[in-house]
(Lines give C-alpha, C1' and ligand atoms only; values in the text may rest on other atoms or scores of the structure.)
Protein backbone atom coordinates (compact mmCIF):
# COMPACT_ATOMS: atom_id res chain seq x y z
CA UNK A 1 0.00 0.00 0.00
CA UNK A 2 2.83 2.35 0.91
CA UNK A 3 4.70 1.58 -2.29
CA UNK A 4 1.51 1.98 -4.30
CA UNK A 5 0.87 5.38 -2.74
CA UNK A 6 4.45 6.46 -3.50
CA UNK A 7 4.08 5.88 -7.22
CA UNK A 8 0.40 6.36 -8.02
CA UNK A 9 0.12 10.11 -8.22
CA UNK A 10 -0.43 10.97 -4.54
CA UNK A 11 2.44 13.41 -5.04
CA UNK A 12 2.23 15.05 -8.43
CA UNK A 13 5.06 17.43 -7.77
CA UNK A 14 8.20 16.11 -9.44
CA UNK A 15 11.29 18.30 -9.49
CA UNK A 16 14.88 18.08 -10.60
CA UNK A 17 17.86 19.26 -8.60
CA UNK A 18 21.06 20.40 -10.31
CA UNK A 19 23.61 19.61 -7.60
CA UNK A 20 26.98 20.89 -8.78
CA UNK A 21 26.14 19.96 -12.39
CA UNK A 22 24.56 16.51 -11.92
CA UNK A 23 20.79 16.12 -12.15
CA UNK A 24 18.72 14.32 -9.52
CA UNK A 25 15.02 13.77 -10.11
CA UNK A 26 12.80 13.36 -7.08
CA UNK A 27 9.54 14.60 -5.60
CA UNK A 28 8.86 17.49 -3.30
CA UNK A 29 7.42 15.10 -0.73
CA UNK A 30 10.71 13.20 -0.52
CA UNK A 31 12.55 16.43 0.24
CA UNK A 32 10.15 17.73 2.87
CA UNK A 33 8.66 14.69 4.64
CA UNK A 34 11.42 12.64 6.26
CA UNK A 35 13.11 15.49 8.15
CA UNK A 36 10.62 18.39 8.04
CA UNK A 37 12.81 20.74 10.08
CA UNK A 38 15.89 20.39 7.83
CA UNK A 39 17.09 23.32 5.76
CA UNK A 40 16.44 21.24 2.64
CA UNK A 41 12.78 20.76 3.65
CA UNK A 42 12.44 24.49 4.29
CA UNK A 43 14.02 25.32 0.92
CA UNK A 44 11.42 23.31 -0.97
CA UNK A 45 8.39 24.08 1.20
CA UNK A 46 8.94 27.83 1.31
CA UNK A 47 10.30 28.46 -2.15
CA UNK A 48 9.54 32.14 -2.32
CA UNK A 49 11.36 32.84 0.92
CA UNK A 50 14.48 31.00 -0.17
CA UNK A 51 14.59 32.31 -3.72
CA UNK A 52 15.86 29.05 -5.18
CA UNK A 53 17.47 29.57 -8.57
CA UNK A 54 16.67 27.30 -11.52
CA UNK A 55 18.80 26.46 -14.54
CA UNK A 56 17.57 26.70 -18.13
CA UNK A 57 15.94 23.24 -17.86
CA UNK A 58 14.10 24.24 -14.69
CA UNK A 59 16.35 22.24 -12.34
CA UNK A 60 16.98 23.84 -8.94
CA UNK A 61 20.61 24.92 -8.59
CA UNK A 62 22.50 23.89 -5.47
CA UNK A 63 26.26 24.51 -5.28
CA UNK A 64 27.29 21.31 -3.50
CA UNK A 65 28.85 17.89 -4.18
CA UNK A 66 26.61 15.52 -6.17
CA UNK A 67 28.56 12.44 -5.13
CA UNK A 68 28.03 12.91 -1.40
CA UNK A 69 24.44 14.10 -1.85
CA UNK A 70 23.40 10.80 -3.44
CA UNK A 71 23.20 8.72 -0.20
CA UNK A 72 21.41 11.63 1.49
CA UNK A 73 18.66 11.62 -1.12
CA UNK A 74 18.35 7.85 -0.77
CA UNK A 75 18.02 8.31 3.01
CA UNK A 76 15.21 10.80 2.45
CA UNK A 77 13.49 8.33 0.11
CA UNK A 78 13.45 5.30 2.40
CA UNK A 79 15.02 6.19 5.75
CA UNK A 80 18.08 3.94 5.46
CA UNK A 81 21.69 5.11 5.50
CA UNK A 82 23.33 2.99 2.82
CA UNK A 83 26.90 3.62 1.67
CA UNK A 84 29.21 1.81 -0.72
CA UNK A 85 32.74 0.79 0.15
CA UNK A 86 35.34 3.46 -0.48
CA UNK A 87 33.08 6.51 -0.09
CA UNK A 88 34.41 9.02 2.41
CA UNK A 89 31.97 9.26 5.33
CA UNK A 90 33.16 12.78 6.14
CA UNK A 91 31.96 13.89 2.71
CA UNK A 92 28.45 12.62 3.40
CA UNK A 93 28.51 14.17 6.88
CA UNK A 94 29.53 17.54 5.42
CA UNK A 95 26.48 17.51 3.13
CA UNK A 96 24.12 16.24 5.85
CA UNK A 97 25.20 19.17 8.02
CA UNK A 98 24.92 21.69 5.16
CA UNK A 99 21.34 20.61 4.43
CA UNK A 100 20.53 20.52 8.14
CA UNK A 101 19.46 16.89 8.19
CA UNK A 102 20.20 16.43 11.86
CA UNK A 103 19.17 12.83 12.50
CA UNK A 104 21.27 11.62 9.59
CA UNK A 105 24.25 13.72 10.70
CA UNK A 106 24.08 12.19 14.16
CA UNK A 107 23.86 8.69 12.72
CA UNK A 108 26.89 9.41 10.51
CA UNK A 109 28.90 10.73 13.45
CA UNK A 110 28.35 7.45 15.30
CA UNK A 111 29.41 5.42 12.26
CA UNK A 112 32.52 7.57 11.75
CA UNK A 113 33.49 7.33 15.41
CA UNK A 114 33.17 3.55 15.33
CA UNK A 115 35.11 3.18 12.09
CA UNK A 116 38.26 5.00 13.28
CA UNK A 117 40.52 3.93 16.11
CA UNK A 118 40.78 6.84 18.59
CA UNK A 119 44.48 7.53 17.84
CA UNK A 120 43.84 8.14 14.11
CA UNK A 121 43.50 11.86 13.37
CA UNK A 122 44.01 11.80 9.59
CA UNK A 123 41.90 14.38 7.70
CA UNK A 124 40.86 11.87 5.05
CA UNK A 125 39.60 8.34 5.42
CA UNK B 1 17.03 -18.98 -30.58
CA UNK B 2 16.23 -17.29 -27.29
CA UNK B 3 18.70 -14.50 -27.96
CA UNK B 4 17.34 -14.12 -31.47
CA UNK B 5 13.81 -13.77 -30.17
CA UNK B 6 14.94 -11.18 -27.60
CA UNK B 7 16.34 -8.84 -30.23
CA UNK B 8 14.32 -9.51 -33.37
CA UNK B 9 11.22 -7.47 -32.75
CA UNK B 10 9.15 -9.95 -30.76
CA UNK B 11 8.78 -7.13 -28.24
CA UNK B 12 8.34 -3.82 -29.98
CA UNK B 13 7.60 -1.94 -26.82
CA UNK B 14 10.76 -0.11 -25.73
CA UNK B 15 10.54 2.30 -22.84
CA UNK B 16 12.86 4.47 -20.79
CA UNK B 17 12.81 4.78 -17.02
CA UNK B 18 14.01 7.94 -15.28
CA UNK B 19 15.14 6.51 -11.94
CA UNK B 20 16.15 9.40 -9.72
CA UNK B 21 17.54 11.30 -12.72
CA UNK B 22 19.39 8.51 -14.56
CA UNK B 23 17.88 6.97 -17.69
CA UNK B 24 17.53 3.22 -18.20
CA UNK B 25 16.28 1.89 -21.52
CA UNK B 26 14.58 -1.48 -21.55
CA UNK B 27 11.50 -3.25 -22.84
CA UNK B 28 8.14 -3.73 -21.24
CA UNK B 29 8.59 -7.50 -21.46
CA UNK B 30 11.73 -7.33 -19.32
CA UNK B 31 9.82 -5.47 -16.62
CA UNK B 32 6.76 -7.73 -16.56
CA UNK B 33 7.95 -11.24 -17.46
CA UNK B 34 10.54 -12.44 -14.94
CA UNK B 35 8.53 -11.68 -11.78
CA UNK B 36 4.96 -11.07 -12.98
CA UNK B 37 3.55 -10.50 -9.50
CA UNK B 38 6.05 -7.78 -8.55
CA UNK B 39 4.89 -4.20 -8.09
CA UNK B 40 7.18 -3.21 -10.97
CA UNK B 41 5.42 -5.67 -13.30
CA UNK B 42 2.04 -4.34 -12.20
CA UNK B 43 3.17 -0.74 -12.75
CA UNK B 44 4.02 -1.40 -16.39
CA UNK B 45 1.23 -3.85 -17.22
CA UNK B 46 -1.58 -1.76 -15.73
CA UNK B 47 -0.36 1.71 -16.57
CA UNK B 48 -3.67 3.46 -16.27
CA UNK B 49 -4.28 2.13 -12.78
CA UNK B 50 -0.88 3.23 -11.55
CA UNK B 51 -0.86 6.63 -13.21
CA UNK B 52 2.85 6.54 -13.95
CA UNK B 53 4.25 9.99 -14.59
CA UNK B 54 6.55 10.71 -17.54
CA UNK B 55 9.21 13.39 -17.91
CA UNK B 56 9.45 15.72 -20.90
CA UNK B 57 11.35 13.05 -22.89
CA UNK B 58 8.66 10.46 -22.17
CA UNK B 59 10.74 8.54 -19.60
CA UNK B 60 8.75 7.08 -16.68
CA UNK B 61 9.61 8.82 -13.42
CA UNK B 62 10.48 6.70 -10.41
CA UNK B 63 11.80 8.37 -7.26
CA UNK B 64 14.41 5.78 -6.26
CA UNK B 65 18.17 5.11 -6.36
CA UNK B 66 19.55 4.49 -9.88
CA UNK B 67 22.73 2.87 -8.60
CA UNK B 68 20.97 0.11 -6.68
CA UNK B 69 18.33 -0.38 -9.36
CA UNK B 70 20.94 -1.33 -11.98
CA UNK B 71 21.58 -4.93 -10.77
CA UNK B 72 17.82 -5.40 -10.37
CA UNK B 73 17.20 -4.53 -14.01
CA UNK B 74 20.00 -6.90 -15.04
CA UNK B 75 18.34 -9.63 -12.94
CA UNK B 76 15.07 -9.03 -14.76
CA UNK B 77 16.90 -9.25 -18.10
CA UNK B 78 18.66 -12.57 -17.57
CA UNK B 79 17.75 -14.00 -14.18
CA UNK B 80 21.21 -13.74 -12.61
CA UNK B 81 22.05 -11.70 -9.52
CA UNK B 82 25.40 -10.14 -10.40
CA UNK B 83 27.03 -7.52 -8.19
CA UNK B 84 30.38 -5.75 -8.29
CA UNK B 85 32.74 -5.52 -5.34
CA UNK B 86 32.04 -2.62 -3.04
CA UNK B 87 28.32 -2.23 -3.72
CA UNK B 88 26.22 -2.27 -0.58
CA UNK B 89 23.94 -5.31 -0.65
CA UNK B 90 21.45 -3.59 1.66
CA UNK B 91 20.95 -0.92 -0.99
CA UNK B 92 19.99 -3.50 -3.60
CA UNK B 93 17.74 -5.27 -1.09
CA UNK B 94 15.96 -2.01 -0.29
CA UNK B 95 15.13 -1.52 -3.99
CA UNK B 96 14.15 -5.17 -4.52
CA UNK B 97 11.68 -4.84 -1.66
CA UNK B 98 10.35 -1.50 -2.89
CA UNK B 99 9.63 -2.92 -6.32
CA UNK B 100 8.19 -6.09 -4.79
CA UNK B 101 10.58 -8.46 -6.55
CA UNK B 102 10.26 -11.16 -3.94
CA UNK B 103 12.45 -13.95 -5.28
CA UNK B 104 15.35 -11.56 -5.72
CA UNK B 105 14.82 -10.09 -2.24
CA UNK B 106 14.97 -13.57 -0.72
CA UNK B 107 18.11 -14.40 -2.65
CA UNK B 108 19.71 -11.15 -1.46
CA UNK B 109 18.79 -11.86 2.16
CA UNK B 110 20.63 -15.19 1.96
CA UNK B 111 23.71 -13.55 0.44
CA UNK B 112 23.69 -10.80 3.09
CA UNK B 113 23.29 -13.31 5.93
CA UNK B 114 26.22 -15.35 4.63
CA UNK B 115 28.47 -12.33 4.11
CA UNK B 116 28.24 -11.02 7.71
CA UNK B 117 29.43 -12.80 10.81
CA UNK B 118 26.46 -13.09 13.23
CA UNK B 119 27.94 -10.66 15.79
CA UNK B 120 28.24 -7.80 13.26
CA UNK B 121 25.23 -5.45 13.53
CA UNK B 122 26.66 -2.41 11.74
CA UNK B 123 24.07 -0.50 9.67
CA UNK B 124 26.38 -0.20 6.67
CA UNK B 125 28.53 -2.79 4.98
CA UNK C 1 49.84 1.10 -40.74
CA UNK C 2 47.13 -0.85 -38.95
CA UNK C 3 46.26 2.07 -36.72
CA UNK C 4 46.28 4.39 -39.70
CA UNK C 5 43.84 2.16 -41.55
CA UNK C 6 41.58 2.00 -38.49
CA UNK C 7 41.11 5.76 -38.37
CA UNK C 8 41.56 6.99 -41.94
CA UNK C 9 38.19 6.27 -43.41
CA UNK C 10 38.61 2.65 -44.46
CA UNK C 11 35.39 2.08 -42.52
CA UNK C 12 32.97 4.92 -43.02
CA UNK C 13 30.15 3.23 -41.19
CA UNK C 14 29.98 4.63 -37.67
CA UNK C 15 27.06 3.63 -35.49
CA UNK C 16 25.86 4.17 -31.95
CA UNK C 17 24.49 1.48 -29.66
CA UNK C 18 22.02 2.31 -26.89
CA UNK C 19 22.77 -0.49 -24.44
CA UNK C 20 20.27 -0.24 -21.61
CA UNK C 21 20.33 3.56 -21.80
CA UNK C 22 24.07 4.24 -22.20
CA UNK C 23 25.47 5.18 -25.62
CA UNK C 24 28.48 3.46 -27.18
CA UNK C 25 29.90 4.75 -30.44
CA UNK C 26 31.80 2.33 -32.63
CA UNK C 27 32.05 1.11 -36.21
CA UNK C 28 30.26 -1.70 -37.96
CA UNK C 29 33.62 -3.31 -38.74
CA UNK C 30 34.44 -3.56 -35.01
CA UNK C 31 31.17 -5.40 -34.40
CA UNK C 32 31.44 -7.86 -37.29
CA UNK C 33 35.17 -8.53 -37.83
CA UNK C 34 36.70 -10.02 -34.68
CA UNK C 35 34.15 -12.81 -34.14
CA UNK C 36 32.19 -13.01 -37.43
CA UNK C 37 30.00 -15.90 -36.28
CA UNK C 38 28.77 -14.18 -33.10
CA UNK C 39 25.15 -13.13 -32.77
CA UNK C 40 26.35 -9.52 -32.48
CA UNK C 41 28.15 -9.76 -35.85
CA UNK C 42 25.02 -11.25 -37.43
CA UNK C 43 22.85 -8.49 -35.95
CA UNK C 44 24.89 -5.77 -37.62
CA UNK C 45 25.72 -7.54 -40.89
CA UNK C 46 22.16 -8.68 -41.61
CA UNK C 47 20.19 -5.74 -40.27
CA UNK C 48 17.02 -6.38 -42.20
CA UNK C 49 16.77 -9.95 -40.94
CA UNK C 50 17.22 -8.95 -37.33
CA UNK C 51 14.97 -5.92 -37.40
CA UNK C 52 17.14 -3.90 -35.00
CA UNK C 53 15.23 -1.05 -33.39
CA UNK C 54 16.66 2.46 -33.20
CA UNK C 55 15.94 5.19 -30.68
CA UNK C 56 15.03 8.76 -31.65
CA UNK C 57 18.74 9.63 -32.09
CA UNK C 58 19.29 6.66 -34.37
CA UNK C 59 21.15 4.55 -31.78
CA UNK C 60 20.46 0.81 -31.96
CA UNK C 61 18.52 -0.39 -28.93
CA UNK C 62 19.81 -3.43 -27.04
CA UNK C 63 18.19 -4.37 -23.73
CA UNK C 64 21.32 -5.43 -21.84
CA UNK C 65 23.79 -4.19 -19.19
CA UNK C 66 26.03 -1.32 -20.37
CA UNK C 67 28.57 -1.86 -17.61
CA UNK C 68 29.36 -5.45 -18.54
CA UNK C 69 29.21 -4.73 -22.27
CA UNK C 70 32.07 -2.23 -22.08
CA UNK C 71 34.96 -4.77 -21.81
CA UNK C 72 33.32 -6.82 -24.58
CA UNK C 73 33.38 -3.88 -26.97
CA UNK C 74 37.02 -3.23 -26.08
CA UNK C 75 37.78 -6.89 -26.80
CA UNK C 76 36.17 -6.53 -30.22
CA UNK C 77 38.24 -3.40 -30.85
CA UNK C 78 41.69 -4.84 -30.08
CA UNK C 79 41.38 -8.50 -29.13
CA UNK C 80 42.45 -8.15 -25.49
CA UNK C 81 40.32 -9.06 -22.49
CA UNK C 82 41.00 -6.23 -20.04
CA UNK C 83 39.06 -5.86 -16.81
CA UNK C 84 39.34 -3.52 -13.85
CA UNK C 85 39.48 -4.67 -10.25
CA UNK C 86 36.10 -5.16 -8.67
CA UNK C 87 34.09 -5.94 -11.80
CA UNK C 88 32.14 -9.17 -11.56
CA UNK C 89 33.48 -11.62 -14.15
CA UNK C 90 30.15 -13.46 -14.22
CA UNK C 91 28.50 -10.27 -15.47
CA UNK C 92 30.88 -10.04 -18.42
CA UNK C 93 30.45 -13.76 -19.13
CA UNK C 94 26.67 -13.38 -19.16
CA UNK C 95 26.94 -10.69 -21.85
CA UNK C 96 29.56 -12.58 -23.87
CA UNK C 97 27.21 -15.55 -23.97
CA UNK C 98 24.18 -13.42 -24.83
CA UNK C 99 25.98 -11.87 -27.79
CA UNK C 100 27.37 -15.26 -28.80
CA UNK C 101 31.03 -14.22 -28.63
CA UNK C 102 32.29 -17.73 -28.06
CA UNK C 103 36.05 -17.29 -27.89
CA UNK C 104 35.71 -14.54 -25.32
CA UNK C 105 33.22 -16.59 -23.28
CA UNK C 106 35.67 -19.50 -23.19
CA UNK C 107 38.51 -17.21 -22.14
CA UNK C 108 36.31 -15.78 -19.36
CA UNK C 109 35.37 -19.23 -18.12
CA UNK C 110 39.06 -20.08 -17.70
CA UNK C 111 39.71 -16.84 -15.81
CA UNK C 112 36.69 -17.39 -13.55
CA UNK C 113 37.70 -21.00 -12.83
CA UNK C 114 41.22 -19.91 -11.90
CA UNK C 115 40.03 -17.07 -9.69
CA UNK C 116 37.79 -19.18 -7.43
CA UNK C 117 38.89 -21.99 -5.18
CA UNK C 118 36.89 -25.16 -6.10
CA UNK C 119 34.94 -25.21 -2.81
CA UNK C 120 33.52 -21.69 -3.33
CA UNK C 121 30.02 -21.84 -4.85
CA UNK C 122 28.82 -18.34 -4.00
CA UNK C 123 26.56 -16.80 -6.67
CA UNK C 124 28.37 -13.47 -6.60
CA UNK C 125 32.07 -12.70 -6.65
CA UNK D 1 22.47 31.56 8.78
CA UNK D 2 25.52 30.73 6.69
CA UNK D 3 23.72 27.99 4.82
CA UNK D 4 20.74 30.27 4.33
CA UNK D 5 22.94 32.98 2.88
CA UNK D 6 24.61 30.47 0.54
CA UNK D 7 21.35 29.49 -1.11
CA UNK D 8 19.09 32.53 -0.83
CA UNK D 9 20.32 34.64 -3.69
CA UNK D 10 23.24 36.47 -2.04
CA UNK D 11 25.24 35.30 -5.04
CA UNK D 12 23.18 35.43 -8.19
CA UNK D 13 26.06 34.56 -10.45
CA UNK D 14 25.84 30.89 -11.35
CA UNK D 15 28.25 29.52 -13.94
CA UNK D 16 29.14 26.19 -15.50
CA UNK D 17 32.65 24.92 -16.09
CA UNK D 18 33.41 22.48 -18.89
CA UNK D 19 36.46 20.72 -17.45
CA UNK D 20 37.79 18.37 -20.09
CA UNK D 21 34.26 17.58 -21.26
CA UNK D 22 32.43 17.18 -17.93
CA UNK D 23 30.16 19.97 -16.66
CA UNK D 24 30.40 21.41 -13.15
CA UNK D 25 27.86 23.96 -11.99
CA UNK D 26 28.88 26.35 -9.25
CA UNK D 27 28.86 30.04 -8.35
CA UNK D 28 31.44 32.70 -8.98
CA UNK D 29 31.70 33.31 -5.24
CA UNK D 30 32.77 29.68 -4.66
CA UNK D 31 35.57 30.08 -7.18
CA UNK D 32 36.90 33.42 -5.91
CA UNK D 33 36.26 33.51 -2.14
CA UNK D 34 38.08 30.63 -0.45
CA UNK D 35 41.52 31.22 -1.98
CA UNK D 36 41.33 34.73 -3.51
CA UNK D 37 44.93 34.73 -4.72
CA UNK D 38 44.64 31.46 -6.69
CA UNK D 39 44.84 31.45 -10.47
CA UNK D 40 41.29 30.08 -10.53
CA UNK D 41 40.02 33.05 -8.51
CA UNK D 42 41.82 35.46 -10.85
CA UNK D 43 40.38 33.70 -13.92
CA UNK D 44 36.81 34.26 -12.76
CA UNK D 45 37.23 37.71 -11.15
CA UNK D 46 39.11 39.26 -14.08
CA UNK D 47 37.40 37.56 -16.99
CA UNK D 48 38.35 40.05 -19.64
CA UNK D 49 42.04 39.81 -18.81
CA UNK D 50 42.04 36.01 -18.97
CA UNK D 51 39.94 35.68 -22.10
CA UNK D 52 38.15 32.57 -20.87
CA UNK D 53 36.58 30.64 -23.72
CA UNK D 54 33.03 29.32 -23.52
CA UNK D 55 31.48 26.36 -25.29
CA UNK D 56 28.21 26.52 -27.22
CA UNK D 57 26.19 26.12 -23.98
CA UNK D 58 28.08 28.97 -22.32
CA UNK D 59 30.21 26.72 -20.09
CA UNK D 60 33.78 27.94 -19.47
CA UNK D 61 36.31 25.65 -21.15
CA UNK D 62 39.24 24.41 -19.08
CA UNK D 63 41.55 21.76 -20.55
CA UNK D 64 42.15 19.70 -17.40
CA UNK D 65 41.06 16.49 -15.67
CA UNK D 66 37.45 16.52 -14.41
CA UNK D 67 38.00 13.61 -12.04
CA UNK D 68 40.76 15.27 -10.04
CA UNK D 69 39.08 18.68 -10.15
CA UNK D 70 36.01 17.39 -8.29
CA UNK D 71 37.54 17.31 -4.75
CA UNK D 72 39.11 20.73 -5.43
CA UNK D 73 35.72 22.26 -6.15
CA UNK D 74 34.31 20.65 -3.01
CA UNK D 75 37.22 22.15 -1.04
CA UNK D 76 36.35 25.58 -2.42
CA UNK D 77 32.72 25.05 -1.43
CA UNK D 78 33.25 24.11 2.23
CA UNK D 79 36.96 24.19 3.05
CA UNK D 80 37.37 20.45 3.69
CA UNK D 81 39.71 18.16 1.76
CA UNK D 82 37.64 15.01 1.30
CA UNK D 83 38.82 12.15 -0.89
CA UNK D 84 37.44 8.69 -1.61
CA UNK D 85 39.48 5.52 -1.38
CA UNK D 86 41.40 4.68 -4.52
CA UNK D 87 41.77 8.20 -5.92
CA UNK D 88 45.37 9.09 -6.73
CA UNK D 89 46.44 11.97 -4.47
CA UNK D 90 49.08 13.05 -6.99
CA UNK D 91 46.29 13.70 -9.50
CA UNK D 92 44.52 16.06 -7.11
CA UNK D 93 47.84 17.74 -6.25
CA UNK D 94 48.59 18.30 -9.94
CA UNK D 95 45.27 20.14 -10.37
CA UNK D 96 45.65 22.11 -7.12
CA UNK D 97 49.02 23.35 -8.38
CA UNK D 98 47.71 24.12 -11.87
CA UNK D 99 44.90 26.26 -10.46
CA UNK D 100 47.28 27.85 -7.96
CA UNK D 101 45.32 26.83 -4.88
CA UNK D 102 48.33 26.95 -2.58
CA UNK D 103 46.86 26.09 0.81
CA UNK D 104 45.21 22.99 -0.61
CA UNK D 105 48.41 21.96 -2.42
CA UNK D 106 50.36 22.21 0.84
CA UNK D 107 47.74 20.18 2.68
CA UNK D 108 47.88 17.52 -0.05
CA UNK D 109 51.67 17.36 0.11
CA UNK D 110 51.48 16.58 3.82
CA UNK D 111 48.87 13.87 3.26
CA UNK D 112 50.93 12.33 0.43
CA UNK D 113 54.11 12.39 2.49
CA UNK D 114 52.36 10.66 5.39
CA UNK D 115 50.73 8.03 3.20
CA UNK D 116 53.98 6.76 1.62
CA UNK D 117 56.84 5.14 3.43
CA UNK D 118 60.03 7.16 2.67
CA UNK D 119 61.63 4.39 0.57
CA UNK D 120 58.70 4.24 -1.87
CA UNK D 121 59.39 6.32 -4.99
CA UNK D 122 56.80 4.82 -7.33
CA UNK D 123 55.26 7.32 -9.78
CA UNK D 124 51.74 6.06 -9.16
CA UNK D 125 50.00 5.34 -5.91
CA UNK E 1 53.09 32.27 -16.61
CA UNK E 2 52.73 28.80 -18.07
CA UNK E 3 49.28 28.34 -16.56
CA UNK E 4 48.31 31.81 -17.69
CA UNK E 5 49.39 31.04 -21.25
CA UNK E 6 47.46 27.75 -21.18
CA UNK E 7 44.17 29.47 -20.46
CA UNK E 8 44.46 32.96 -21.94
CA UNK E 9 43.76 32.29 -25.57
CA UNK E 10 47.23 31.37 -26.85
CA UNK E 11 45.52 28.32 -28.28
CA UNK E 12 42.12 29.19 -29.62
CA UNK E 13 41.53 25.81 -31.13
CA UNK E 14 39.28 23.81 -28.81
CA UNK E 15 37.98 20.47 -30.01
CA UNK E 16 35.93 17.61 -28.68
CA UNK E 17 36.75 13.93 -29.09
CA UNK E 18 34.02 11.30 -29.12
CA UNK E 19 35.96 8.29 -27.85
CA UNK E 20 33.66 5.29 -28.01
CA UNK E 21 30.67 7.43 -27.08
CA UNK E 22 32.12 9.59 -24.28
CA UNK E 23 33.06 13.22 -24.97
CA UNK E 24 36.44 14.70 -24.05
CA UNK E 25 37.05 18.40 -24.56
CA UNK E 26 40.62 19.55 -25.04
CA UNK E 27 42.77 21.72 -27.29
CA UNK E 28 44.66 20.86 -30.42
CA UNK E 29 47.89 21.95 -28.74
CA UNK E 30 47.43 19.35 -25.98
CA UNK E 31 47.08 16.61 -28.59
CA UNK E 32 50.07 17.61 -30.73
CA UNK E 33 52.65 19.17 -28.39
CA UNK E 34 53.71 16.64 -25.74
CA UNK E 35 54.54 13.76 -28.11
CA UNK E 36 54.68 15.33 -31.60
CA UNK E 37 55.58 12.09 -33.36
CA UNK E 38 52.63 10.10 -31.97
CA UNK E 39 49.85 8.95 -34.26
CA UNK E 40 47.44 11.10 -32.22
CA UNK E 41 49.53 14.21 -32.90
CA UNK E 42 49.62 13.37 -36.62
CA UNK E 43 45.85 12.81 -36.68
CA UNK E 44 45.15 16.32 -35.39
CA UNK E 45 47.96 18.18 -37.16
CA UNK E 46 47.31 16.68 -40.60
CA UNK E 47 43.54 16.43 -40.54
CA UNK E 48 43.01 16.26 -44.27
CA UNK E 49 45.42 13.35 -44.65
CA UNK E 50 43.76 11.35 -41.89
CA UNK E 51 40.18 12.07 -42.87
CA UNK E 52 38.96 12.19 -39.28
CA UNK E 53 35.22 11.70 -39.04
CA UNK E 54 33.04 13.96 -36.90
CA UNK E 55 29.71 13.21 -35.25
CA UNK E 56 26.64 15.43 -35.58
CA UNK E 57 27.93 17.72 -32.78
CA UNK E 58 31.31 18.11 -34.49
CA UNK E 59 33.19 15.79 -32.08
CA UNK E 60 35.93 13.70 -33.69
CA UNK E 61 35.04 10.02 -33.69
CA UNK E 62 37.61 7.53 -32.40
CA UNK E 63 36.59 3.88 -31.93
CA UNK E 64 38.46 3.16 -28.70
CA UNK E 65 37.94 2.82 -24.94
CA UNK E 66 37.09 6.10 -23.17
CA UNK E 67 38.01 4.77 -19.74
CA UNK E 68 41.59 3.92 -20.62
CA UNK E 69 42.03 7.03 -22.75
CA UNK E 70 41.38 9.35 -19.80
CA UNK E 71 44.82 8.99 -18.10
CA UNK E 72 46.46 9.34 -21.53
CA UNK E 73 44.81 12.69 -22.12
CA UNK E 74 45.85 13.82 -18.64
CA UNK E 75 49.44 12.77 -19.46
CA UNK E 76 49.32 14.89 -22.61
CA UNK E 77 48.01 17.82 -20.57
CA UNK E 78 50.68 17.88 -17.86
CA UNK E 79 53.23 15.13 -18.50
CA UNK E 80 52.43 13.00 -15.45
CA UNK E 81 51.21 9.41 -15.53
CA UNK E 82 48.54 9.31 -12.82
CA UNK E 83 46.33 6.29 -12.31
CA UNK E 84 43.70 5.41 -9.73
CA UNK E 85 43.64 2.15 -7.80
CA UNK E 86 41.86 -0.65 -9.58
CA UNK E 87 42.40 0.50 -13.16
CA UNK E 88 43.97 -2.16 -15.35
CA UNK E 89 47.38 -0.95 -16.50
CA UNK E 90 47.23 -3.18 -19.56
CA UNK E 91 44.17 -1.24 -20.74
CA UNK E 92 46.05 2.05 -20.59
CA UNK E 93 49.07 0.47 -22.31
CA UNK E 94 46.84 -0.83 -25.11
CA UNK E 95 45.58 2.71 -25.79
CA UNK E 96 49.04 4.29 -25.48
CA UNK E 97 50.29 1.87 -28.12
CA UNK E 98 47.28 2.41 -30.39
CA UNK E 99 47.79 6.18 -30.35
CA UNK E 100 51.54 5.74 -30.78
CA UNK E 101 52.49 7.62 -27.61
CA UNK E 102 55.82 5.85 -27.24
CA UNK E 103 57.31 7.48 -24.16
CA UNK E 104 54.16 6.83 -22.18
CA UNK E 105 53.97 3.23 -23.40
CA UNK E 106 57.54 2.63 -22.25
CA UNK E 107 56.80 4.17 -18.87
CA UNK E 108 53.72 1.96 -18.51
CA UNK E 109 55.70 -1.16 -19.40
CA UNK E 110 58.11 -0.44 -16.57
CA UNK E 111 55.27 0.12 -14.09
CA UNK E 112 53.54 -3.10 -15.19
CA UNK E 113 56.77 -5.11 -14.96
CA UNK E 114 57.39 -3.83 -11.44
CA UNK E 115 53.83 -4.45 -10.28
CA UNK E 116 53.76 -8.17 -11.20
CA UNK E 117 55.92 -10.87 -9.76
CA UNK E 118 57.76 -12.60 -12.68
CA UNK E 119 55.87 -15.89 -12.28
CA UNK E 120 52.44 -14.25 -12.73
CA UNK E 121 51.25 -14.55 -16.37
CA UNK E 122 47.55 -13.87 -15.84
CA UNK E 123 45.88 -11.98 -18.72
CA UNK E 124 44.07 -9.59 -16.39
CA UNK E 125 45.33 -7.69 -13.39
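General observations
Order of writing sets the chain letters: A, B, C, D and E. Residues in each chain are counted from 1.
In the analysis below, contacts are C-beta pairs under 8 Å (C-beta built on N, C-alpha and C of every residue); 3 or more make two chains touch, one makes a residue touch a chain.
Quantities reported herein were computed from a predicted structural model and do not represent experimental measurements.
With centres set at the average Cα position, the gap from chain C to chain D is 36 Å. If each chain is reduced to the centroid of its CA atoms, chain A and chain B end up 22 Å from each other.
Within chain E, contacts with two or more other chains are made by residues 85-86. Viewed as a network of touching protein chains, the structure reduces to one closed ring of chains, two contacts apiece.
Order of chains round the ring, from chain B towards chain C, by the touch criterion defined above: B, C, E, D, A.
Within the complex formed with chain C, the residues of chain B that make contact are 3-4, 6-9, 12, 14, 16, 22-27, 30, 70, 73-74, 77-78, 80-86, 107, 111, 114. Contact residues on chain A toward chain D in their complex (touch as defined above): 18, 20-21, 39, 43, 49-53, 55, 61-65, 67-68, 85-88, 90-91, 94, 98-100, 122-125.
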